[in-house]
Amino acid sequence: MFAEAPVTAPPYLATLLWLAPLPPLVAFALIALFFNRYRQLSSTIAVVSMLASTVMSFIVFFNVWQLKDLGKAPIRSTFPWLPTGDTVLNIGVGVDPLGATFLFMVPLACSLIFIYSTGYMANDPYYSRFFAYLSLFGGSMMGLVVSDNLLTLFIFWELMGFCSYSLIGFFFRKPSAYRAAVKAFMTTRVGDMLLLLGMAYLYTQTGTLSFHEILHNEEVLTKLAETPAVFGLSAAAAIALLIFGGTVGKSAQWPLHVWLPDAMEGPTPVSAMIHAATMVSAGVFMLLRFFPLLQAAGEHNTAFLVVALIGAFTAFMGATIAVAQYDIKRVLAFSTISQLGFMVAATGIGAYVAAAFHLLTHAFFKALLFLASGSVIHGVEHGHHAAHAHHAGHHGHSSHAGHEEEHGSEHEEHAHDHDFDPQDMRNMGGLARRMPITFATFLIGGAALAGVPFITAGFWSKDEIFADAYYHGLVKGDGLATLVFVLLVLSALMTAFYTTRQIVMTFLGEPRTEAAAHAEESVPSMTFPLIVLAVFALFIGFINVPKDFPVFGALVGGGAFWLKNFLASMLLEKPEAPPFNAVPVLFSIVVALGGIALGYMVYGVRPLTAGQTDPVERLPFFKFLHNRWYWDDLYRAIFVKPMQFIADRYSEAVDRGVIDRILEGGYALGARVTKGFAEFDRVVITGFSDAVGRAFRAAGDWVRDLQTGQVQGYLLSSLAMALVILIVFIFLFQ
Amino acid sequence: MTLQQVIFIILAIAVIGSALFVVTTSNLFRGALMLIVAFFGVAGFYVLLDNGLFAVAQVMIYIGAISILIIFSVMLTRGMQAMIPRNAQAGSVAIAAALLFLILLLAFGPFRLVVDLSGVPILSALFRTESARVLGGVPWQFANREVPETYIADFGRALVDLNQFLLPFLLVAFLVDAVLAGAIYIARQRKPAEVIAEREAIAKEEAEELAALQPQPNAPTLPQGAIASTADH
Amino acid sequence: MDAITNLLKIISDFVAELIRSVLGFSPLLAELVTMGIAAVVLITFAALSFMGLTYVERKVVARIQDRLGPNQAGPFGLLQPLADGIKMFTKEDTTPATADRWVYNAAPLVIAVFALATYAVIPFAPGVVGTNLNVGVFYVLAIGSGSIVAILMAGWGSNNKYALLGAFRTVAQLIGYEVPMLLNVLTVVLVTGSMSLIDIINHQTLADGNPGIPHILMLPLPALVFLISGIAETGRSPFDLLEAESEIVAGFHTEYSGMKFALFFLGEYVNALAVSFVFSTLFLGGYAGPILPPYVWILLKAALVFFVFMWLRGTLPRVRIDQMHALNWKFLVPMSTVNLVLVMLVLKLFPTSESAAQAFGGLLVTPWVQTIILAAVNLGVLFTALTLAARAARRFRQAEEEMIMRRRAANLAAAKA
Amino acid sequence: MGLQNAINGIPLEWYLIVAAALFSIGLYGVLARKNAVAMLMGVELMLNSVNLNLLAFWRYLAPESAAGLAFAAFVFVVAAAETAVGLALIIAVYRSLKSVDPETLTQLKL
């Protein structure tokens, strides 16, 4: 049953792989079934289980992290699951370099988020349920990471989809929340559909779904590359594109990015889970897994083109939108979209390692940012209530009580004070003094996001991407890569800018509201994860310092390009590594510092005061950006309106409209003409419109009549079908 | 004409006749009784098939348990009897059932008959039936062997043999357990107080939901788009 | 001597021979006729035994209750059954106006048929058996469930609430007591390794390599439970709740009179006799026995068992319906289940045949040792069950008494106030 | 006719025909009765016909293998289970709706 593992890896790793995803899933079952009454117990179970699987994954990781050829011979353990015709569908678990890196990142981030949630959700009435969902989420992500074939990956993928649905809609009393939930679900569904198609196509082509057997198998890849598919694509390209569809959905790439900002309706830890540790990275994770397929499709093939363009465009768009947002979490959401765009674009230009690297670092610092922002919101709400309490003047009403009430009433959708939005950055300011730890950690995270040179992880990963893009584009003269490079540089500039804007608006200057003035630092259980994440946000970048990078390359010495070498064995044909080049490094330094400087000039020098309008609003196309390029409205216009149009009482609409218009015209023109026209109208147009209306209604009635609710009727119809089939097969078919 | 043939024909008439009575009578109690007759007939068939075990099992399970249950429920749902035995679609159902029987008869019956569609213009084109299709008189691979003396023991071993039917056997056992619990739970007599309390609770819940779904003044503005409208449904 | 031993066998062979050769029937017809004759013989035997049994039972019960019993009709009232029969025949056969006639009239026949059908598998002597089913035991139990249908028919058909209630009660009782009966017959089947009554008897007959131990020594507990549930199955006292006059008049046959009632009556007795036959077959070794010819033996054994029935009837008061069900579901069924499992284990752990010993391991013992072990296990189970039941009953009684006391106190307080 | 393979002079087809008839009748009962209990009776008839087929094939084609018997036995058990639950449901429905007419059970219809 067990595929033999490399000599240096102990044999129990396979077992550990099977076990790793289990604890959270078990925890989910336990909480959901038995312990949903006991708040403390359930949260403890969740955290402990996540820590347990963290420990297991770390054991696995530190056993394999130095195996050079892990990619060639991954540790796998599979068993036949479903015999389908002549092939047998094997499912199982496995760990290869990519998986290993995620086995390091995912459980760590997850458990930190779990711990954070114990503090953040402390006063929520549905505490236990929250942790149940959270556990399921974490467990599915673990399963997704360890699963060695597309099928189980897809199963866990959908599980996560469900979890995100229920978590985004966690405050289900809020219409906005459950709408957001449904929106997220439906939007990702589109991508998942494509993914499913890709999966089916892949299975029909290869007869297996195991990553290793497909992606590490010369002849399979070549076979796929040679099989022609639609639109002059090779099968490989087609499959890659379909699977990329799944990525687009999950990782919120244009055009399916619309759900991500609304997903902010969920509690902040959820945002962190979805946007940092798990779901969105899952998308890119899978895209990276199937990178060999993209490669197999050929150098400058359509798949690469599409991926790169969508990625770059998304990166740019997200960055621009993020500039013009006020909601602290929305800014982060759009920055996430844009950063994911970076990764996808990198993948699109063949910068495999760079994409993985950025995915890793981004996971850490974006989780950090989200959690920190959550802490900010927490503090501001807190302060808001404190202020409230003081103003209301009844002293018995202690701030803490108000705090509780706030959380308790979160499900009653902010029964009081509808005017105040604790997430609006315009209501903040000067928080640095009130919440120092949050400020420090947020600063670090922001720095990493902006890519402050040398000291932050974000710099290294971004630099990697730039280097690749520059090399492929300007050095080797690939137009696509050049375009990507330009777009990414611009977005990086804006990234630095809006990060600075955010930090300044939130933490510096004078408090712009009572709430901000009374904000208080969050509890240790929330600040501790922040600190840990901050450490990683600073130093995780050093796992892949370019070997010949001045100073630092020598500094890390043998550790240079660790990730690169580790991941190298994943690919059959290595994309050639760009030699060190000062230009992209300069670029990244310049845009980072430039953006920060710009942002500080606009906001930092004269911080906003209460009521003052944000300078960005003076931009000509501010509304365009603020309304997120009107994508939502566009989709509404394209997809929704027609449905509603048909769904409306079509006939009557036409009827009334036409008749009225004609009659007005008729009275104006005079009796005779009117009569004629009216006649014409009555006969032709009314007749036509009525016919249309009747047709629609008749169709509706006909369809409705099929649903009698009479079980025997249904049975009879099925019997009729059975008879038809019988006749056809017994009498007519050979 | 052997004795078994005579018995077979008698049984067949009894079974079919009582079955017809079962599905046509308006007096359910008598229907149930005739059902028992039908079951007995089938048990007789089992005897003819040299399988005493299943004949007795048939009597025990179908007559001793199932028919009794059915009769009980007939009695418990009194007043449901003197109503029209068949519903509106009875006619079409009768035709369909007869058709089904005909098809099965032609397909598996003793008589061979040849359907040649190669001449028929549309059908032959539709179903690519170049050559003729032979119906009925299926060439079964007859074993022509007696039932082994130890068939009961073999059957028992097969049921507990991991490589044969142990797993389904256990599953069926679980099923029976579940059914015991489920049937008791479903059919248990609940006190009126319980029911009323439950209904009230449900009503309260629904009221809350409705109250909560009223649009809130500061509900974060979300495009009233496809998703929103989907959510409302 | 041999002629006496195999009397029945000789007669039946003679009859068959007669039909086949002398009268020269076609084989089909011959088969039918022989079957018919056998059936007629069995039925007559059952009917006659029914008549005799009524007399005997009334005498015995009378003696137990220190009465004389029938003594007018004929010497010692021997003709009493005849008189009863005549009375039955001559009585008016009434039918309720609202009855479902079809069902109402069919019910007595059905019950009689099912009662008689049991005799088809009871072996009276070597080779003298209606048919040697290899699932005979199973068959007996299955046929027993047929009478349930008849009772339901009677209760429903006579369209009388007492009858219906009686039918419900009876059915509940019969279905309930089938469970322990089955469980305990299973133990016998386990010990024998066959469901055929013949094999079961052979297992208890003395032969070379077979000590011929009656199963009642091996399985005292199953014997006991089988007896109890057998009485309940035939609805005899102390389980005759189906005709608890004080509660539901005469139960399901309230509306029946004359011959139909006689048929029910017959059904009851024939069932009881059948049960005693089955019991003596399963546990007392059937027709196996020294000196006397086999048919005498089995008749003696059956008579003994039936006497126990009468004895109980004469002695015990009628149990309450809740007690009856409690006894079944809370005591007999669990105990029998546990016992069944234990018997299995013992049979596997202490096999008497080398093959079994090799197949499963376990320690090879002689039949007698196995018997002792089995008996010990059985009695142990019985003892444990009884102690548990006694303890539970005590606790229950205490609780009840406390409740009563409290209620008294409350009443007193109310009276004072 | 396959008489040369007849057992006790009965060819397999006879059983098949009887089973088919029984099945069709049961089907009619399920689809055309106005009483849920009667529908259940129809279901029982169908199950019986299935079992008859199983055992007939067992006897004629593979008397040694236990497969036919096993499946028949499972059909027995499942039939018993189905009756128990079905009747329990019917009783429950009857308690609340005072009717066991399947045509009245349309609460789930939109």
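The letters A, B, C and D name the chains in turn, as written, and every chain counts its residues from 1.
We take it that contacts are C-beta pairs under 8 Å (C-beta built on N, C-alpha and C of every residue); 3 or more make two chains touch, one makes a residue touch a chain.
Just so it is clear, the structure is predicted and the values come from calculations on it, not from any experiment.
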Inset, instruction - Could you tell me which chain's Cα centre is nearest to the average position of every protein Cα atom shown? - result: B
Legend entry - Selected pair, greater C-beta contact count between B-D and B-C: B-D
Inset, instruction - Specify the chain most distant from chain B by Cα centroid. - result: A
Inset, instruction - Let me have the rounded angstrom distance from the C-alpha centre of chain C over to the C-alpha centre of chain D, please. - result: 33
Legend entry - Separation of mean Cα positions, chain C and chain B [Å, integer]: 35
Legend entry - CA centroid of chain B to CA centroid of chain D, Å: 5
Inset, instruction - Measure off the straight-line distance from the CA centroid of chain A to the CA centroid of chain C, and report it in whole Å. - result: 74
Legend entry - Numbers and ranges of chain D residues touching at least 2 other chains: 27, 31-32, 103
Legend entry - Two or more partner chains touched - positions in chain A: 712, 716, 719
Inset, instruction - Check each residue of chain C and list the ones that touch at least two other chains. - result: none
Legend entry - Those chain pairs that satisfy the touch definition: A-B, A-D, B-C, B-D
Inset, instruction - Report the residues of chain A in contact with chain B in the complex, numbered from low to high. - result: 173-176, 178-183, 186-187, 259, 262, 265, 412-414, 418-419, 421, 632-633, 635-636, 639-640, 643-644, 712-713, 716, 719-720, 723, 726-728, 730-734
Legend entry - Touching residues (chain side chain B, partner chain A) in the complex: 87, 89, 92-93, 96, 99-100, 103, 106-107, 115, 117, 123, 126-131, 133, 135, 212-213, 215-220, 222-231
Legend entry - Complex contact set, residues of chain D against chain A: 27, 30-32, 39, 102-103, 105-106, 108-110
Inset, instruction - Spell out the part of chain B that touches chain D in their complex, as residue ranges. - result: 1-2, 4-5, 8, 12, 15-16, 19-20, 22-23, 28, 31-32, 35, 38-39, 42, 45-46, 48-51, 53-54, 57-58, 61-62, 65-66, 69-70, 72-74, 76-77, 80, 83-87, 89-90, 93-94, 96-98, 100-101, 104-105, 108-110, 137, 140-148, 151, 154-155, 157-159, 164-165, 168-169, 172, 175-176, 179-180, 182-184, 186-187
Legend entry - Parts of chain D lying in touch with chain B, wherever the complex brings them together: 1-2, 5, 7-18, 20-29, 31-35, 37-38, 40-42, 44-45, 48, 51-52, 55-56, 58-64, 66-67, 69-70, 72-74, 76-81, 83-85, 87-92, 94, 99-101, 103
